[in-house]
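If you scroll down you'll find the structure; I have some questions about it.
Labels run A, B, C and D following the written order; every chain starts at residue 1.
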Amino acid sequence: MLVRGKGIGCMWYGIGNTGLPNPAAAFVKVHIDGSVTVLAGCADIGQGSDTVLSQIVAETLGVTFDKVYIKSGDTEATPEGGATSASRQTYISGNACHFAALEAKENIVKVASEILKCDEEEVVLINNTAYKNGCEDKTITYKEIMLGLKSRGLLAIGKGQFNPSASALVENMQGIPYATYAFATHIAEVEVNTETGEVTVLKIVAAHDVGKAINKKNVEGQIEGGCLMGMGFALSEKLIINNGHMKNPDFNSYIIQTAQDMPEIYPIIVEEESGEGPFGAKGVGEPALIPAAPAIINAIYDAIGIRFTHLPLTADVVLDAIKKKEETK
Amino acid sequence: MKEFNVIGKNVIKKDAVDKVLGKAKFAADMKLPNMLVAGVKRSEVPSGKVININAEKAKKVPGVVSVLTYKDIPGENIIGIINKDEPILVEDKIRRIGDAIAIVAAEDESTLEKALELIEVEIEETQGVFTIEDALKEDSPKVHGDTNILAEKILKRGDVDAAFKKCDVIVENEYSTPVIAHMFIEPEATLANYEEGIITFYSSTQNPHYDRGEVARMLGITLNRVRSVQATTGGGFGGKLDISTQCHTALLAFYTNRPIKMVRSREESMKVSSKRHPHYMKFKTGATKDGKILATDVELLQDTGAYGSYGLAVITRSMVHAQGPYEIPNVRIRAKMVYTNNPMSGAMRGFGVPQVAIGHEGQMDALAEKLGIDPVEIRTKNCFQTGSVTATGQKLVDSIGIYETIKKAADKAEQIMDKEGK
Amino acid sequence: MEKVKISFKLNGENVTVETPPNKRLLDLLREDFELTSVKEGCGEGECGACTVILNNEAVTSCTVLAPQVDNCEVVTVEGLGKDGELDKLQEKFIEEGAVQCGYCTPGMLLSAKALLEKNPHPSRDEIKTAIEGNLCRCTGYKKIVDAIEASIEE
Amino acid sequence: MKEFKYYSPKSLNEIFKIFEAEKGETCLIAGGTDVMLEINSKKVNPDVVINLKSIDEINYIKEDNEFIRIGAGTTFTKLSSDAVILNSARALAQACSKVGSTQIRNLGTIGGNIVTGSACGDSVSALVALDAILVIQSPKGKREITLTDFYSPGQKSVCDGCYHNTPGIGKDEVLVEVYFKKAEKNEFSAFRKLGKRKALAKSILTVGMSIEFDDDKKVKNARISLGAVGKHPYRVTSAENIIDGKKLSDETIEDCLNEISNIVIANIGSRASCPFKKESVKGVAREVFASIIEQSSL
C-alpha cells in the first residue's frame, strides 16, 4: 500500500564562525575605462561567490555587472577571505567588497560632483553613468569621470574588511556567538510503500530567510541542492565503518540522490534584511540542507505513525518498523 | 523597498561560460612541462606503530624521481585548521586507515603505482578504539596524549531541572545520525611548482589562505614565499577545508624542482577526507499544556575520529543551535567530543546543526502529538521573534524571519500538497 | 606493449592515434587530445562526469577501452556549438542557473544532447532518465532539468 | 591497468582463431561496464583482451514463428525500447530499462549480464522467467543450454580463462545468442526491481514473472523468478505450483507470496538481509502480479 504524509522541519543558523573573529578583506580598483577589478580572498567553489561579490561591487559603484572582473582565491593577489564555510562569504566577503567599493567610490563621487557642479550627496551613479539627483537627462559617463580623476592625479581604489560583531562565549557558553542568523522551514510530502519500506519524497516546500537575495537563482540553486542532500541524509546516506575500515567508499554503495529521485521543489525566498549584511544579505548555503531531513522524518510519521530517531531511513529500516508495529497491534 | 540595478537580479554567473564550454581548469586538468605525478603510501591498519619504512626498492624503479618520508620535512610536521594534531607524514603512530606514510613522485602513473606497492612499511598493529563508549573508558588506548576527549562543554541558561517540574508534558528521545560523506564530484587535486624560491600550488580547496600557512610552516619558510591559488573547485560542502594534497605536492616540488601533480582517486578521497561527525543525542523537552516550551535538556556525544579537524567548531555550533529556532527560557546542553581510530570527522555543510536539527525537530513533533496540537502551530507559538533571548543570552534584534518562513511554507504546502494526506 | 592504431571521428574531425590498448577512452581524450572537459569522478561508471557521446549515445568513457572506439564517432563538449556560438543547451544551462561547481556540467550537457538528438521533444521524465547516470551534488538537478526543458526547440 | 594484447575481430570465426593462437589469460569485452572495473582494480589480469563490439553477427533482435532471438551483443538500451520485446517480452524490456543508468544501458549487453553471473543481473532475472535458452558457440560448433542449467551448481566450472568463473562456459566458447518462446495470446510478463534509489541502483531484489492464462482466466502456465536472493537468479517452482490452474484471486496471490517468502528464507535465511528481503519480496511480487493482471484485462 502507498500512503502519504506531510511533515515540517525548521532551523536557524548563525552566519560565520562561532564566537570567534573571522574577517575577510577585498580590494577594488576602478580603471580609467570604467571597468573594475575586484581582488577577494573568498574561494568560489561553485556556489557563486564570484558572481555575488561582483554584483555587490557593481551595485555599489553604479556600474553594470559586465564591467566587473573578479580575481578570487589567489594568495599572491588577493587579501584573506577566510574559509568558504559557515555560510559566511556573502555576508562577510560581501561586506568587505562593499566597503572596498565604497572607498574606491569616494574619488569618483568627488570628481563627478565637480563635473556635474553639485554636492557629492547629489551624485547618482548608475549603469556606468552619473547625474545630479533629479537631472536624469543630463548624464556623464563613467569614462568621463575617470578621465577627470586622471587629470586631477587621483585614483579610484579601495580596500575593505569586515569582521562580524560576535563575541567569545564565556562561562556556561554565554555571549554573542553570531552577528546574524538565517532561518528556514521545509515542508515535505512523502509516499511510503508499506510493503517494501521504500520512501519517495514527492514535494518539498522550502522557505528561507536569507536577508536579501543578492542573486535569486543562486539562492534557489543552493536551496534545491540542499533539499536533495537533506533527502540523502534522511533516507539513504551512511558510511559503514567497521573497526576503522570504510566498507562503502564509492558512488555505487554510498547512496546519494539521482535526478530520478528529485521531488518537486518549491523554493520560497523570504527577505528579512539584516542591518549588518551587505544590502541586507545573510547566507543560505548550509541552511538549505538542514530542515529537509527533519521534514521528511516528520512526514513519514504522518504517513505511517512511526517516529524514527535513528538515521538513515532505508527501506529495510522502515519496513522492519512497520512489521514490528503490526505485530504489536 | 529600495530599487536595485544589479542586486537581486539573475545575472550570468561569472564562471558559467567557461564551465559549459569545458574550458574551466580544475587542478587535475592542469599541466606543466616536465611535470611529475605523485601519490601517497597510506596505512592500511587503523591503529599501530611504524617500526620501519623501507623505500629502497621503490627508489630503484626507473622513472621514480623522489620518495619522501617525515624525515624530509624541513619545517613542522603537524597540521590542523583549529587544533594542530595531524602529521603530514606519520612519524611513528598510526591513528587511522589512510594515514600518510610516504610520498612518491614519478614520471608516469604506472611507475608511480609500482613504486607505491614496493614501499615496505613495517607496522606493529595496536588495539584501536572505534566507539565513543570505548573511547571514554579510562583504560582505553589513547589516540592522542592521555585522554580521548577532544572537548567537553556545557551551555546553560535558566534552571532546567526546576522548569521540568512546571511542565505539563515532557518528551524524551534518543537520536543518532551516521557518518556522512560530502561526495563532491571532483576528487581533490593539486599541481605544485617550485621556482625562483617561490612555491606555487593550484588546488581544489575551500580555503587557499589557510593552505598557504600550512605549507609555509611545513617548509619552514615565510608566507610571502608561498603562493596558494584556488583552481576551479568541483564542490566542497566542507570536505575541502582540510589540507588534502597541498602539503604533499608542495614538499615533492620543493625537493625535485619539478612540477608535481597529485589527483586522488574516489576511494582515496572518501577514505581520507573528513566526514560528517556521527552524533548520539538525548533530548528531553518540556512544555506547558498550552504548548509553550519551558525547558530543553540535551546531551550530545560526537566522534571526531582520528583527528580534530573542524571538531571544535562542530561541538560549539551544535550546542548553540540545539535548542532550535525557538525561545526556550531554560536550556542545558552538554556535549563531549572524542577521538577514535575511525575516519576523521570535520566540517560538513552545517557543522553539527543538521544533526541536532534531527533532535529538536523530532522533539517538536513529539510534543505537538502529546499536546494534541498541530506541528505548525507549536512552531509558530515558540519560534524566535524580535527581542527573543537565545540560550547563550543573546537578544535577537533584527532580521528574525523564522515566523515568516513557517507561515509562507505552510501556506504554499496547503496549496500544492494532497489535501487527503493519505 | 604493442600499441594499437585507431581512427575515429572526434568532434567532427577524422583522427588517427596510436594507443596502448590498456588505456581508457577517458584517458585517451584527456591525455592524447587534451580534451579536459571529460572529467573523472569515480572511474567506475557510477557518476557520469566522464560522459561522452559515442555513436550518438551517451556513454561513460571510463568504462570504454580506447581501442574500442576505432571507426566510431565521439563527441565531447568541445564539439558542441558551431562557429564559436554556444549550443542552445549551453546557453540555457547558463541562463537557468544549471551550473554550480561545473564538474558534472560537461557530462550533463552531453547526456542531454544525446537525448535531444534522438528525441527532440522529450517529456520531463524522459529528461530525468537521460541524466539519471550523471550525479550532481550541488544543484539538486532541478535547474538542470529546467535548462534542458527550456532548450527544446518549439 | 595491466598490459595486454588487444584484438578487435570482425567475426566469431576470427575469435576462435585468436583463442587458438593465444595461450595466456583471455578476457572478452563487450560493453565493458563490469569488466573494465575488474581490470582496472586488478581483480582480473588478462594477457589478451578481445573486443566483441565490432562483431555484428551477435547484435540483433529477431523473431520467427516460435521464438524471439537476441544476439549476445545487444545492448540494454536496444532491448528496453524494441517493439518486439516490449510487445511479447515486457518483463525483459522492463528489466533492461532499470539496469544502471542510461550510459550503462547504452554500453552494457545482455550477453555480458549473463556471463558475469552476478546475483543481481537484472536482465537475467527476467530471462529466467521467460525460460530462456542460451546458444554457446565454439570452433566445434554450437550447443544449447537453458539459463537455469547454465547457473545450476551441478555445472562443472570449465572456465579458468574467462573472468568470472561462471559455471557452464568453456575457455574456447562464446555466448552468442539467448532465445525464448514468444508470448502466447494470453501470456503476459512483468518485472520489478527493488533498489536503494530510483536509478544507478544495484538490485536489492528482483521479481520476474510470465503467466499464461486459459480462456477462463485460470493460470495455465506460470514462471516466477527471483534475483539477488541467492548466487544467481532462479525459478520458484513451488510458488508457481500454487497458482497453477487457479484464478488469480487475492487469496491465491497471498498464498503464492507467502511461498515466495519461504523460498527466500530457505535460500538466504542466514544472511543479515533476510528479514528485509523475505518481507519486501512480497510487496514487490504483489506489484508484479498487479501488472500482469492489468495487462491481461486490457
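In this text, a residue touches a chain if its C-beta (ideal position, glycine included) is under 8 Å from a C-beta of that chain, and two chains touch if they have at least 3 such contacts.
Computed from a prediction, not measured in an experiment: that's the story for all the values here.
Touch-path distance (fewest steps) from chain B to chain D is 2.
Annotation: C-D is the more contact-rich of the chain pairs C-D and A-D, by number of C-beta pairs in contact. With each centre defined as the average position of its C-alpha atoms, the distance from chain A to chain C rounds to 30 Å. A separation of 48 Å divides the Cα centre of chain A from that of chain D.
In whole angstrom, the spacing between the mean C-alpha positions of chain B and chain C is 32.
The set of chain D residues that touch two or more partner chains comprises 101, 198-200. Shown for chain C are the residues that touch two or more other chains, namely 41-44, 46-47, 97, 99-103, 129, 131-138.
With touch defined as above, residues shared between interfaces to two or more other chains in chain B number as follows: 10, 12-13, 15, 183, 233-235, 237, 266.
Chain pairs that touch one another, listed by label: A-B, A-C, A-D, B-C, C-D. Put simply, chain A touches chain C in their complex at residues 45-48, 217-218, 220-221, 223-229, 250-252, 256, 258-260, 262, 265. Of all the residues in chain C, the ones that touch chain B in their complex are 30, 35-44, 47, 49, 76-78, 81, 86, 90, 93-95, 97, 99-106, 109, 135-138. Those residues of chain A whose C-beta lies close enough to touch chain B in the complex are 3-14, 17-19, 41, 43-46, 48, 50-51, 54-56, 58-59, 62, 64-65, 70, 72-76, 80-86, 126-127, 169, 172-177, 180-181, 183-187, 189, 203, 205-209, 211-218, 226, 229-230, 233, 237-239, 241, 243-246, 249-251, 254, 256, 264, 266, 268, 270-275, 277, 279-280, 282, 285-286, 289-291, 293-295, 297-298, 301-303, 307, 309-312.
Contacts from chain B toward chain C in the complex involve residues 10, 12-13, 15-26, 28-29, 182-187, 232-235, 237, 265-266.
Chain C makes touch with chain A in their complex at residues 41-42, 44, 46-47, 96-97, 99-103, 127-129, 131-145.
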